[in-house]
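Take a look at the structure set out below.
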Amino acid sequence: MKKLINDPKNVVQESVAGFASAHADIVTVSSDPLFIVRADAPVQGVVGIVSGGGSGHEPLHGGFVGYGMLGAAVPGPVFTSPTPDPIVAATKAVDGGAGVLHIVKNYTGDVLNFETAADLAAADGIEVRTVVTDDDVAVQDSLYTAGRRGVGGTVLVEKIAGAAAERGDSLDEVAAIAERVNANVRTMGVALTPCVVPHAGEPSFTLGDDEIEIGIGIHGEPGRERIPLEPADAIVERLLEPILSDLPFSSGDSVLLFVNGMGGTPLVELYIMYRHAVEVLASRGITVVRNLVGNYITALEMQGASISVLKLDDETTELWDAPVQTAALRWGR
Amino acid sequence: MTLGTDWAIAWIRRSADVVAEHRVELITLDREIGDGDHGENLDRGFSAVVAKLDTLPEGSTPADVFKLVATTLISTVGGASGPLFGTAYLKAAGAVAGREDLDSASLVDLLTAARDGVVLRGKAAVGDKTMIDAWTPAVDSAARAAEGGQDEKSVLEAAAQAAETGARDTEPLVAHKGRASYLGERAVGHRDPGAQSSSLILRAAVEVAG
Amino acid sequence: MKKLINDPKNVVQESVAGFASAHADIVTVSSDPLFIVRADAPVQGVVGIVSGGGSGHEPLHGGFVGYGMLGAAVPGPVFTSPTPDPIVAATKAVDGGAGVLHIVKNYTGDVLNFETAADLAAADGIEVRTVVTDDDVAVQDSLYTAGRRGVGGTVLVEKIAGAAAERGDSLDEVAAIAERVNANVRTMGVALTPCVVPHAGEPSFTLGDDEIEIGIGIHGEPGRERIPLEPADAIVERLLEPILSDLPFSSGDSVLLFVNGMGGTPLVELYIMYRHAVEVLASRGITVVRNLVGNYITALEMQGASISVLKLDDETTELWDAPVQTAALRWGR
Amino acid sequence: MTLGTDWAIAWIRRSADVVAEHRVELITLDREIGDGDHGENLDRGFSAVVAKLDTLPEGSTPADVFKLVATTLISTVGGASGPLFGTAYLKAAGAVAGREDLDSASLVDLLTAARDGVVLRGKAAVGDKTMIDAWTPAVDSAARAAEGGQDEKSVLEAAAQAAETGARDTEPLVAHKGRASYLGERAVGHRDPGAQSSSLILRAAVEVAG
């Protein structure tokens, strides 16, 4: 394992410290319990949005804390959900009297720890609503599994819900927008290489020299099937097929296309995928009116990518375009 | 010979040692069908618990010990296993509240409440390839042993043996809960890490029982 | 070699096509000859800035085309300088009557091809000035080599010169600012893994399981020395030492600290490096007043990073802060 | 027997074939001490040249051929070798401008001008571990052969042999120009890719000479 780290035990704490120091204009960091919060929190009358989960998916979620997006992010250990304590602390830190929305990726650990935290915060008189994201179409039979995972779509939920909060929507309204985005986005990922969790020190799984894993989540956990390497265009089609048929998307839809790198794949490849994804969507009469291309929800240094397609309406389009000022996503200010 | 606070503390200390010793094994099991952190998670949690045991006031009951374990695990482990084990100890504490010495029947109450706590939070059934596949046979075996009039150590022995068998028997299963559920058929042939850690912890209970 | 590509021959063209389609609000792409240009080019009265070089360093340079930064970028084949033809065409496309600045990284191929292009453009009556960046302190004896390479500092030169052009500086003034930034920035890089050029199909070099390469350029070309893997903090110190002693930087300086990922290193590690770099600088009395952390000048999927330190003055600080709207760098609009 | 336009065209075609055949070898050499694209660069350039040869008008001179090669390489190769080889052919064309048939002395002029063109652009000296280490011995050997009254093919043979030796002799050198210069001592033991491709191209000139 070769990584630019010191003691594996200190990876998250040291990285968050660097993040805090680099973005002191945008965020403040509490180190015990560990959470990242908007420098201007709590914003009176604005719904606070808290997300979090295991670390190793950077810039998610810390990179999305700031004006127009998250109020706070709670980073757990690498690939491990944070405990309730820092979630409760973050929830209190962003509560400006309008209540707090928890955006939680559907992984058992995240769901259980946020559930406990929400109970504790509610016991302290804070109004908390929870939206669980589950956009991963790789999980086929959610009845016989822990359910679909929250992956790439989470970034879009956080941006759009954040804009709704910033414009002054109520907690119910912000939660409803978040639910709507989650209901209209589908994601599917592919891995070319595994990733190495620092404290484990060994690859999370192994892939042959010519193998790729279709349907991975964001922890290097294996996915739907393992197939021989294919050209990028074929992979794009393989990822889009279950996405498009699941919602289903239909001719005439306007969508946001999000091609996300898993951390170790260079931009040059993401744009190759983006190009063909636009072509495939166009051939189905679906128009890409907004996009996001880059490494936004990652699995450490894993090579791979995910494609998310979000069906937009006028309101969600406007909220996507609204100003945002975070470490990882910034426009309009 | 009933089991009291000394046993409860010894059980937890022994659990911490066992988890530390098996840290890499649990990480490896979790890497195969999960995300490779189970050993790390539990090791972090039980280390924190051990550091807090000395803060227990004189005259604490077994329930006090288990409550301390519960809150510490909940606030230090994270992941799926943190809330699950945390709830197990919390419910266990509730089941034996006020009792200073636990007899065979109390031990069955304790184990049953712990298992029910995990089910309450995680909603897993037997056969879902989770820690429940260790806990439920353990509870059943312990109950049979207690009904059969066996002593405390034998009850715990019955639980530990059943948990070990239960953990081993997760190997051929397809998972329906937790991360392994995303693997479908590919989880077959791998032991569930949470079932394995549960069996280690139940074995620790016997080892320190007089 | 596992990559998300189709035919290796089409990597650059397909990727640029995807880039063009994703960022049509910011850039226009000419496909033959291939160059990326500001959607609003030529901007009358504003010095056009053209940069370029081999592809594989994305987002450099195409990701920096737009308001307040580059007028055009000319992507060559992967790791191979573009030929003069597209450079000439890009130069013409951005010429708004105020002349054109070429920003060229000091690699023999880039220098020679831009030199030829500048001659040809001048022959067509366009005033062209060239600034060659050479911030790489890894090259120790520039008398007996092709000279120091242009690496991370190039991004900072492009941003600051772009802001000077946007505010209406003359060609001489923009060139002078670019020279000043280049003269005040030093960079040093490290590689943990090699990268694979698509048409070569094999790693550009090999590194043992516990080896790292200090002083690499941005092509996976080997650097100063190969040493056993060290903790991140020690590596940061090893990179900073030659940077700080070279200019030299001194106590009381205000600097911009740029921690750049080579493409395959996750953000979590870059922030760990950033954290310690700030500490080391502080211990020498040097204050980090601006920063940039992320993958901005890369070597395909190489794992590694570079650290650049730029001594700032009031004017360069103001130009750094000026609005910029490109695919990869955006603030203030 | 002098060499005319047919030879010039044949030389270029043969060069294209040879570069294609040795593409991987040149990439490998460049990967060792450069950036692994030299074979790809030249293959792309010479393929483009071959595609353009048919556009040469009837009655073209060798200089016309070389000028076409020069502009095509400059506009298709990129990298360091594009401008360098491009300038070489451009200067070669200038040196034999107007001549329909090249005798031994003309060939020496051609090679000398080509080499001088590379030096003009790249400023490398003998011993810097670049293509100059193939070209300069080739020029010197060709000049000696021509002075000794040898025929055209022998002059080219002398140039090719000297270039091959020159390319081989780059192996023990430390580089002072091009990417390999960043390697310091670590370039020792590796042959310079541009010197190697130069020797292949000069060998092609002999092979198609009568």
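When the chains are written out, they are named A, B, C and D in that same order, and each has its own residue count from 1.
Assume contacts are C-beta pairs under 8 Å (C-beta built on N, C-alpha and C of every residue); 3 or more make two chains touch, one makes a residue touch a chain.
Protein names from UniProt, one per chain: A, C = phosphoenolpyruvate--glycerone phosphotransferase; B, D = Dihydroxyacetone kinase subunit L.
Remember, it's a predicted structure, so these values are computed and weren't measured experimentally.
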Contacts common to chain B and chain D (chain labels): none
Greatest separation from chain D - chain, by CA centre: B
Centre-of-Cα separation between chain D and chain C, whole angstrom: 32
Interchain centroid distance [CA atoms averaged], chain A/chain D, Å: 55
Whole-Å gap separating chain A and chain C, where each centre is the average of the chain's CA atoms: 29
Residues within chain C bordering two or more other chains: 78
Contact graph of the chains (line, ring, star, complete, other): line
Chain B contact footprint on chain A (complex, rising order): 54, 76-85, 107-109, 112-113, 115-116, 138-139, 144-146, 149, 197, 199-200, 202, 204-205, 215, 217, 219-224
In the complex with chain A, residue positions of chain C that touch it: 2-7, 11-12, 14-19, 21-22, 55-56, 58-59, 63, 78, 190, 192-193, 209-210, 212, 229, 231-233, 235, 263-276, 278, 288, 291, 293, 295, 298, 300-301, 303-305, 330-333
For the chain B and chain A complex, residues of the former touching the latter: 27, 31-32, 34-37, 40-41, 44, 74-84, 121-122, 175-179, 181-184, 186
